[in-house]
Amino acid sequence: MESDTGRFETYSDGVFAIAATLLVLSFMVTTGPDAPPLGHQLLHLWPSYLAYATSFLTIGIIWMNHHYCVETIARADRTLMFLNLLLLLTVAFLPFPTRLVADYLQKDGEQAAVYVYDATFVVMAVIYNVWWRYASDGRRLIGEAVPDSALRAINRAFAPGIPMYVIAFLVAIWSPLASVGINLAIAVFYLPSAALFDR
Amino acid sequence: MESDTGRFETYSDGVFAIAATLLVLSFMVTTGPDAPPLGHQLLHLWPSYLAYATSFLTIGIIWMNHHYCVETIARADRTLMFLNLLLLLTVAFLPFPTRLVADYLQKDGEQAAVYVYDATFVVMAVIYNVWWRYASDGRRLIGEAVPDSALRAINRAFAPGIPMYVIAFLVAIWSPLASVGINLAIAVFYLPSAALFDR
Amino acid sequence: MESDTGRFETYSDGVFAIAATLLVLSFMVTTGPDAPPLGHQLLHLWPSYLAYATSFLTIGIIWMNHHYCVETIARADRTLMFLNLLLLLTVAFLPFPTRLVADYLQKDGEQAAVYVYDATFVVMAVIYNVWWRYASDGRRLIGEAVPDSALRAINRAFAPGIPMYVIAFLVAIWSPLASVGINLAIAVFYLPSAALFDR
Amino acid sequence: MESDTGRFETYSDGVFAIAATLLVLSFMVTTGPDAPPLGHQLLHLWPSYLAYATSFLTIGIIWMNHHYCVETIARADRTLMFLNLLLLLTVAFLPFPTRLVADYLQKDGEQAAVYVYDATFVVMAVIYNVWWRYASDGRRLIGEAVPDSALRAINRAFAPGIPMYVIAFLVAIWSPLASVGINLAIAVFYLPSAALFDR
């Protein structure tokens, strides 16, 4: 029998997968008589490759963590579902700042592009935390069979999320490129270890 | 065992999630020698943010209500499935008027853009009502275990939908911006309470 | 337990739903100093509305029929799966000719646009028939519990498909607009009745 | 009960289906006073048709093989899930080089376009092999009921993948068109037979 939370899990899975796959629309080359040779353009697209990999891995890992959290939740109320929609709204927005980083990194406007990109990650981390705190505080919506140790493990995994994304944001004041690099590092090194912290 | 209604529920879920995620394509910035600085452009994109949030939340909440209604339906006939396709056709259309609002709000043509946007919501509400009335009148397709009180609760939740979207449409004659604001307010305040009216 | 055919049904469902939702990208308005007023443009977009509705309903109904056929199939072999991929390849292609019809109907090039559109439907109908004949001839892959009468009903439903789309194609020689109208009529009148022929 | 691998299978299925369906965005025609007649343009789009069919069939068949491999895997650990994300990152990237091949084949820049296209297939084949070796070496994550013969069959099916894509890459030095043709041939002739090698 489908649990009450299956109700928003399928929808969430769909939004995660579609948002990740739409990221490919960040890649653009120009044609026309004045366009540089394609090989040249493809090498100079490296900000696009960087932004694509960072966003794709981040969405993938948020999806994994989301799935893991939802497994501990026994029932969904309207507040949880609304918070979940806000989380999805932020995830589905990510292809836009990703395209900004792809288009503007190392060019005029890179700072504004990376601020929006980093701010999206900060907002995502905040909403994700609120969503999880709402579900887990006092075990409000948690299934009876879930041990407290599992919740504590998820809490520990969540704890550094917001500070790390805030640091990435602050680094953008000094170097937008380094800031995107930090976001990639978070996706590659931190999040995978956190995702399955409890196992 | 999959119920007879699982038949169109997966397909509907897919269309809802994809339409919501395609909304991000509403965000556009311009490049080139004459383009304003990116930071400036991003601040002036607020109609895009407004239109995106309004449409994303509305689709999310229509999806939740759809799911809730389908749970009461025991079997699907060809009329219900055709009405369901018409509902999806309207939902999948929404990214276009959303982009219109994003591009034209506070500019020449904003009235036409918001008329199309509001009209889409009115048509969506009408088809949704027809779909539900068809399923529920005389309990035509309703499962035996579903109490009449659940149907009455859904009916009460549906009742203000069309009038509210018609009012939003009429307000656009006077102020397109206020009209979009009303649509956002409907998504944030009215629909969530209606969605789970019965619980 | 998931049947052997669940193997390609989820994938097919995804492709059908995504192709249908991508159709919205057919709608385009132009901006700039020389652009006609938006209201004017939106009225002159009627070929887009027509093409969108025709393709959306056709995909939706093909999906329903596909689902219905798959329910009678007990196991999938590699030929069936390859034929299924070819069918999906054609369905996923449909957003392109739909955009052609949206852009060119009633303009120079409408004949070429509608030829491609109609040819896509003809090819889709042919592949669909080959797919079904392969599965059902001599009950090759059909489940034991499925009565012959169900197969005959599906065969009867399939029979007029290719001729109707060929007629629509031929009508395009004389009138591209009438040809698209016939495709819409097929989706609205013929296919829904065929989909559930057996019930 | 959902197996532990259902965890990333739904997400993977979504990414495969969406990436395949986004390929249709490779088709582009130009309008305006200087544009060639549409019929002429549509005939000269054959590199788009070729690239679309090649990529669509390849994704479809990779999806089938993926599904088949996952059925032998009993549990997922964090390394497998990260490798799976890398595989999806490559699959979701494919619409970009596909559009490059569609736009540049038989024109200036075709070599660069096909190099990127072929390199994507090589990287995909390498990650796919690493993913499968990680799961199957010493039966690390394989279910107990899966016979060794099934694993050997999959290993045999995987073996020629990387060499074939490397050959396609090398052929592009001499003829980009022939290289794309080889990729199509791999999708049509080799992969389907490999997919179900064990049956």
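Every chain is named by a letter (A, B, C and D) in the order it is written, and numbering of its residues begins at 1.
One rule holds for everything that comes next: a residue touches a chain if its C-beta (ideal position, glycine included) is under 8 Å from a C-beta of that chain, and two chains touch if they have at least 3 such contacts.
Just so you know, these numbers come straight off a predicted model, no measurement behind them.
Look at the contact of subunit A with subunit D and you find different residues on each copy: under half of the numbers used there are shared. Mean C-alpha position of subunit B lies 36 Å from that of subunit D. Taking the mean of the C-alpha atoms as each chain's centre, subunit A and subunit B sit 25 Å apart.
Multi-chain contact residues, meaning those touching two or more other chains, occur in subunit C at positions 14, 18, 22, 25.
All chain pairs that count as touching, in label order, are A-B, A-D, B-C, C-D. Interface of subunit A with subunit D (complex): residues 13-14, 16-18, 20-25, 27, 29, 31, 37-39, 42, 52-53, 56-57, 60-61, 63-64, 67, 192-193, 195-196, 199. Here subunit D touches subunit A in the complex through residues 7-8, 10-11, 14-15, 18-19, 22, 25, 77-78, 81-82, 85, 88-89, 92-96, 100, 103-104, 108-109, 111-113, 115-116, going by the rule given at the top.
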